[in-house]
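In the two complexes below, subunit A is the common chain; its partner is subunit B in one and subunit C in the other.
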Partner chain A sequence: MKPLLAVRDLTTEFAMPGGLVARAVDGVSLDLYPGETLALVGESGSGKTTLALSLLRLIPEPPGRIDPAGRVELDGADILRWDAKALRRVRGGDLAMIFQEPGSSLNPVMTVGSQITETVRAHGQPDRRAARRRALELLADVGISDPDRRLGQYPHQLSGGMQQRVMIAMALAGNPKVLIADEPTTALDVTIQLQILDLLSDLQRRLGLAVLLITHDLGLAARVADRVAVMYAGRIAESAPAARLFDHPQHPYTEALLHAVPRIDRDVARLPVVPGQPPLATQWPTGCRFHPRCRHAWERCRGAEPSLLGTDQEHLARCWLVDEPARRAP
Partner chain B sequence: MGLAAVGLLYLIALLAPVLAPYDPAAQLDLVAGRLLPASLAHPLGTDALSRDLLSRLLFGARLSLSIAALAVVVAVTVGTAVGLAAGLAGGVVDAALMRSVDAALAIPRVFLLIVILALWEHGGIAALVLVLGLTGWFGTSRLVRAEVQSLKQRDFVLAARALGLPAWRIALRHILPNATAPIIVSATLGVGNTILIEAALSFLGIGVRPPMPSWGNMIADGQAFLATAPWQAIVPGAAVVLTVMTFSVLGEALRETIDPRTR
Partner chain C sequence: MTTERLVEIDALTKRFSLPGPLLGRRRAIVAVDAVTLTIARGETLGVVGESGSGKTTLGHCVLRLTQPDAGRVRFAGVEILALRAEGLRRMRRRMQIVFQDATLSLNPRLGIGAAIQEPLEVHGRARGSSARARAEELLAEVGLDRTLSDHYPHQLSGGQRQRVGIARALSVEPEFLVLDEPISNLDVSVGAQVLNLLADLQARRGLTYLLIAHDLAVVRYLADRVAVMYLGRVAELAPAAAIYQQPLHPYTASLLAAAPVQDPRAARPRIVLSGEPPSAANPPPGCPFHPRCPHPKKSERCRSERPPLREVLSGRWAACHYAEEPIDAGRASHR
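Right, the complex of A and B next:
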C-alpha cells in the first residue's frame, strides 16, 4: 500500500541568538497510511510539535528554516515545494490540524458560527447560506447538540470539550484526508479526554481519515494508535505497530518511558523516572543521542550514531543493541 | 457616566442652532450692548462686538467638537493602517515605518501645526481637520503595531493559518478586531487632546478664524477684558476644561471596561 503522507529526511532548524542553531527536527522520515492512526510520542522538547508545524510549513521563517533536502509528500506531491497559494489550499484542505489549547485556538471576538463558515468558505463553498448549512452539519458531526444555538455563541460561552469539538469541526470543514492532532486532549479533563478520543476514532472510521496523533501520553497512544513512533532529540528513536512497541520495546528510551508510566496496580514509594535531562537542541550529544542517559551505553554508542535498525521493516529502533543484543545490561 | 456626558456634549453641539437664542455673528447693539454681564436676555452676557456669548459658546462647541472628532477619525484610520502594516510585515517595512514615526514624534506637534497652518492660510476648516488628523496618528500607529505584534503570536492566529485562511482575512478579521479595545480608548483620549490643541491654535489666530466662533478664539477675544469683563475669557475657558475632562473620564472608564490588561 502506498503511504498517504510520506515524510523524508525532514530537518527543521532555528537560528538562535548568539549564532547557535537549534536543529529541533533532524532528518525525520515517517509514513502515514490511509485510515490509520500514527502516534508520535516523546518528551517536551523532543521536536514533536515542530515536526507537525513543519508538515504544514507553519514554522515562522526566519528564525526557522526547513532544510530543502527534506520532502513532505502528500499523495506523491512534495508540499514543501509548493507556493503560498497552493499551501493555503492544502492547509485545512487535505491536511488539517488541531491544537492543544482549544480555548486559545478560537478567536475570542468571533462567534463559533462565523469561524466555522469562514473556514468552509475558504475551502470551496463561497455561498453564504450553503456554508451555514454545512457548519450546522459539521457541528452535528462532532456531537454538539443544539447546533443552531451554538452557532451564535462566542468561544468563551463553551466548555473546553465543546471548544475542542468546534476546532475539530473547523478542521473537518475542508474534507481533509490527514488530520494532525497536536496534544488534542492535554488541556482537557480526564473524562472529556476520553470523549474527544472516542470522537476522533469515530470520525476516523466514518471519514477514512489518517490521523497523526502527537502526544506525550503513552496511555493515550496505546488506546488509539495503530502504530507508534517514539521521538527523542529531534529524531525517531523507535517505530513499530502499537502492540509490538508496548510489549517488546527495543530502544532503551522507549523502555524507560514505559517504565516511568505510573501504574495503579503497582505500589511504589517513588515514581520511576528516565534518569538525566533531555539534551538541548543546540547541542545534541555526539554518537547515539540517548547514550548519556542510557544504562546500556558502551563505547560504540559514544562514537557513532546508529541508523534505524531492525530485523523486519515494521519494527525499527535507533539502537546498537539491535545489532549486539548481548551488550544489554542486566 | 462619561459616555452620557460626552453624548450630552454632542447633543448640545448638534442642537446649537435650536438652543442658541441669537445668531452667533449678529452684532446686536453696538452702542449700548457691548460687554454686557449676564442677564435674562443674554444668559452669559455679550462680547466686545455685542454678540450673544451663549450663542457663540454653543456654536463654538459645534465647531470644536466636530473638528476634533473628524481629526481623530483621520488620525485613527491612518495610524491603524500604518500600525497594522508595520506589525504584520515586520522586518524592513516595520523598521522604515517606525523610524519615520519616531522622527515625526521628535518634532513638537504644536510647532509643526503652527508652521503648516501659517503656510496654508486659506485652507479653512477642512485644512485644519486634515492637518490635525495627519499630525495625530503617530501614537496610534505605535499602539496598534505593538498590539498586532503580540496578537500575531496567539494560538488562534496560528490555528487560522493552519486552516488555510488567506492572510488578508487573518489580518482584518482575526487580528484587527482583537485590537479594537485599545484603539477606541486611545481615540477617546485623542479627541480631548485635539480639542485642546485646536483651542490653542484658534487662540493664536491660526485655527478657526473669526467671525466663526471657536472656544479658542473666544478666549483670545476675551483676554483684553480680563480686568473689566473676566467672564469673556472664563466662560469659553471653562467649556474647554470641562469638555477635555469629560473625554479623559470617558477614556479612562473605557480603558477599565474594555481593555483586558487593566483588569
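Right, the complex of A and C next:
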C-alpha cells in the first residue's frame, strides 16, 4: 500500500537570539497510510508540534525555516513546493488540523454557525443556504445535539468538550483525507476526553480518515494508535506497531518513558526515572542525542549517532543496542 | 503511621456568587458542599475529581487561603477558622501549599535563593547568612544544585521551578502540605522525578499530604486513601488499594474506566459516560450524578433523594443508594 502522506527528511529550524539556531525537527521521515492512526509521542521540546505545523507549512518564516531539501508528499505531490494558493486549498481541505485549546482557535465574536459555514463556503460550497445545511449535518456528525440552537451560540457558551467537537466539525468541512490532531484532549477532563477519542475513531472508520495524533500521553497512544513513533530531540527515536512498541520497546528512551508514568492499573513501589532533562534544540548532544541520560551508553554512543536500525522494517529504533544487544545493561 | 488526626475537616462549605444574566439575580455556586474528611499524621489523602468538582477550593479552604462559609477545620486540634491574623500566621508555618504552576507563585524579580529565604524571614526562622545557608541546604534537599541560588525563575526549567516551590514550602518546616496538581504541568520524565521527591520528603520528614489531582494514576502512586469528588461533594472515600480494585461508586468506576492505560490490549471501556458534568450553579436534584450514571439499578429514588455518604464496607464510604450492587463499568476494576 502506498502512503497517503510521506514525509522525507523534514528539517525545521528557528533563528534564535544571539545567532543561535534551534533545529527543532531534524531530518524526520515518516509515512501515514490511509485509514490508520499514527501516534507521534514526545515530551515538550521533542519537536512533535513543530513537525505537525511544518506539514501544513504553518511555521512563521522567519524566524522559522523549513529546509527545502525535505519533502512532504500528499498523494505524491510535494506540499513544500506549493504556492500560497495551493496551500490554502490543502489546509482544511485534504489536510485538516485540530489543536489542544479549541477555545483559542475559535473566534470569540463570531457565532459557531458563521464560523462553520464560512469554512464550508471556503471549501467549495458558495451557496449560503446549502452551506448552512452542511454545517448542521457536520454538527450532527460530531455528536452535537440540538445543532440548530448551537449554530446561533458563541464559543464561550460552549464547554471545552463541545468546543472541540465544533473544531472537529470545521476540520471535516473540507472533506479531509488526513486529520492532524495536536493534543486534542489534553485540556479536557478524563470522561470528556474519552468521548472525543471515541468520536475521532468513529469518524475515522466512517470516513476512512488517516489520523496523525500528536500527544505526550502514552496511555492515549495505546488506546487509539495503530502505530507509534516516539520523538526525542528533534528525531524519531523509535517507531513500531503499537503492541510491539509497548511490549518490546527497543530504545532506552521509550522504555524509560513507559516506566516513568504512574500506573492506574497496578501498584508501583517506585518510579524508575531518567536522570536529567531533555536537551535544548540549540544544543543537541553529539553522538546519540539520548546518551547523556542513557544507562546503557558506551563509547560508540558518545562518538556516533545511530540511524534508525531494526531487524525488520516495521520496528525501528535509533539505538546502537539494536546492533549490539549484548550491551544492554540488566 | 500513628492514628493521630492531624487535619479534621467537618462539614466544610464554600459558596461563590456569580453574576447572573443581565439585570438578573446573581447565581450561587456551592463549590464545596458540606465535606467531612480527616487526615492522619503521616498519611497522604488524595482528592481526585474533574474540573469544577471543588477539589482545589477544598484545599484552599483547609489552609484558609479561601475563607469557607460554613463548617470547621481543625489542625492538630486548633480551630483554624476561628484564628485571628496573628494566630493564623503562626499556624501557616505548620501548613503549606505547593501550587500547580510554580511560575505563578515565584516573584520573577527575586532570585531563587532569596525566594526560599523569604518565608524563613517572614516566620522569623532565620536571617541573613544563616537564612542563605539554609536556603542552599533546601535546594540540595530537593535535588537542585546550590549554584542555582543566584538564578531567576525564568532561567529554570518547569521541573526545577516546581522543586523550588517545594523547597520554599519546606523552608518553614511544616508538618502538612497541600499539593495542588503538583506535576500536571510537567513532562513525563520530569514529573516522575518530582513524584519520587515528594515520596522521599514524606518518608524523611514524616510529612502529611493532601494531594489534589485530576490524574488517578498519580494519586494511586502517592496516596494512602482517596476521596473522589463530584460537584462539590465526596462521592467515594476509601483506602487506595480498595478504590482502584473495586470502586463502590459508579462515578469512580466511570473515571477509572475512562483513564487511559498504557496497554494497547487493555479492553476498551464498555461504558462511556455521556454528557458533561452539570453546572454547580444548577445541580440536579437527588443524586448529583444521576443524569450521567451508568448504574444498572438507577431508579426514581436517585432522581429525588440525595444519597448520603455512608460506610458501605469497613473504611469504605460511598454516596450511592446502590453501592452494594455490582456496577459493571467495563474495565472499571484495575488489578
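The definition used in the following text is that the second predicted complex is superposed on the first by the 322 of 330 C-alpha atoms of A that agree within 3 Å, B and C clash if a C-alpha of one lies under 4 Å from a C-alpha of the other, contacts with A are read in each partner's own complex, and residues count from 1 in each chain.
We take it that contacts are C-beta pairs under 8 Å (C-beta built on N, C-alpha and C of every residue); 3 or more make two chains touch, one makes a residue touch a chain.
Everything quoted here is computed from the prediction, not taken from an experiment.
Student: Does the superposition put A:270 against subunit B (first), subunit C (second), both, or neither?
Tutor: Only subunit C; A:270 stays clear of subunit B.
Student: Regarding the shared-chain residue A:309, is it in contact with subunit B (first), subunit C (second), both, or neither?
Tutor: A:309: touches no partner chain.
Student: Of the two partner chains, subunit B (first) and subunit C (second), which one does A:122 touch, if any: first, second, both, or neither?
Tutor: The answer is first: A:122 touches subunit B but not subunit C.
Student: In the superposed arrangement, does A:105 touch subunit B (first), subunit C (second), both or neither?
Tutor: Touch status of A:105: first partner only.
Student: Per the overlay, which chain contacts more subunit A residues, subunit B or subunit C?
Tutor: With both complexes superposed on chain A, more residues of subunit A are touched by C.
Student: After the superposition on A, what does A:260 contact: first (subunit B), second (subunit C), both or neither?
Tutor: Second partner only.
Student: Should A:242 be classified as contacting the first partner (subunit B), the second (subunit C), both, or neither?
Tutor: second
Student: By the touch definition at the top of the document, which applies to A:140: first (subunit B), second (subunit C), both, or neither?
Tutor: Neither subunit B nor subunit C is touched by A:140.
Student: Now for A:198: first (subunit B), second (subunit C), both, or neither, which partner does it touch?
Tutor: Second partner only.
Student: Taking the stated contact definition, name every residue in subunit A that is touched by subunit B in one complex and by subunit C in the other, in rising order.
Tutor: none
Student: Please output the residues of subunit A touching subunit C within their complex, sorted ascending.
Tutor: Residues 43-44, 159, 161-162, 189-195, 198, 216-220, 222-223, 225, 242-243, 246, 256-258, 260-268, 270-271, 273-274, 277-278.
Student: For subunit C, which residues count as touching subunit A in their complex?
Tutor: It is residues 50-51, 157, 159, 187-193, 195-196, 199, 214-218, 220-221, 241, 244, 254-266, 268-269, 272-274, 276-277, 334-335 of subunit C that touch subunit A.
Student: Considering the complex alone, what residue numbers of subunit A touch subunit B?
Tutor: These residues of subunit A touch subunit B: 56, 58, 88-93, 96-97, 99, 101, 104-110, 118-119, 122-123, 167, 170-171, 173-174.
Student: Per the contact definition, I'd like the list of subunit B residues that touch subunit A in the complex.
Tutor: 154-156, 158-166, 169, 173-174, 177-178
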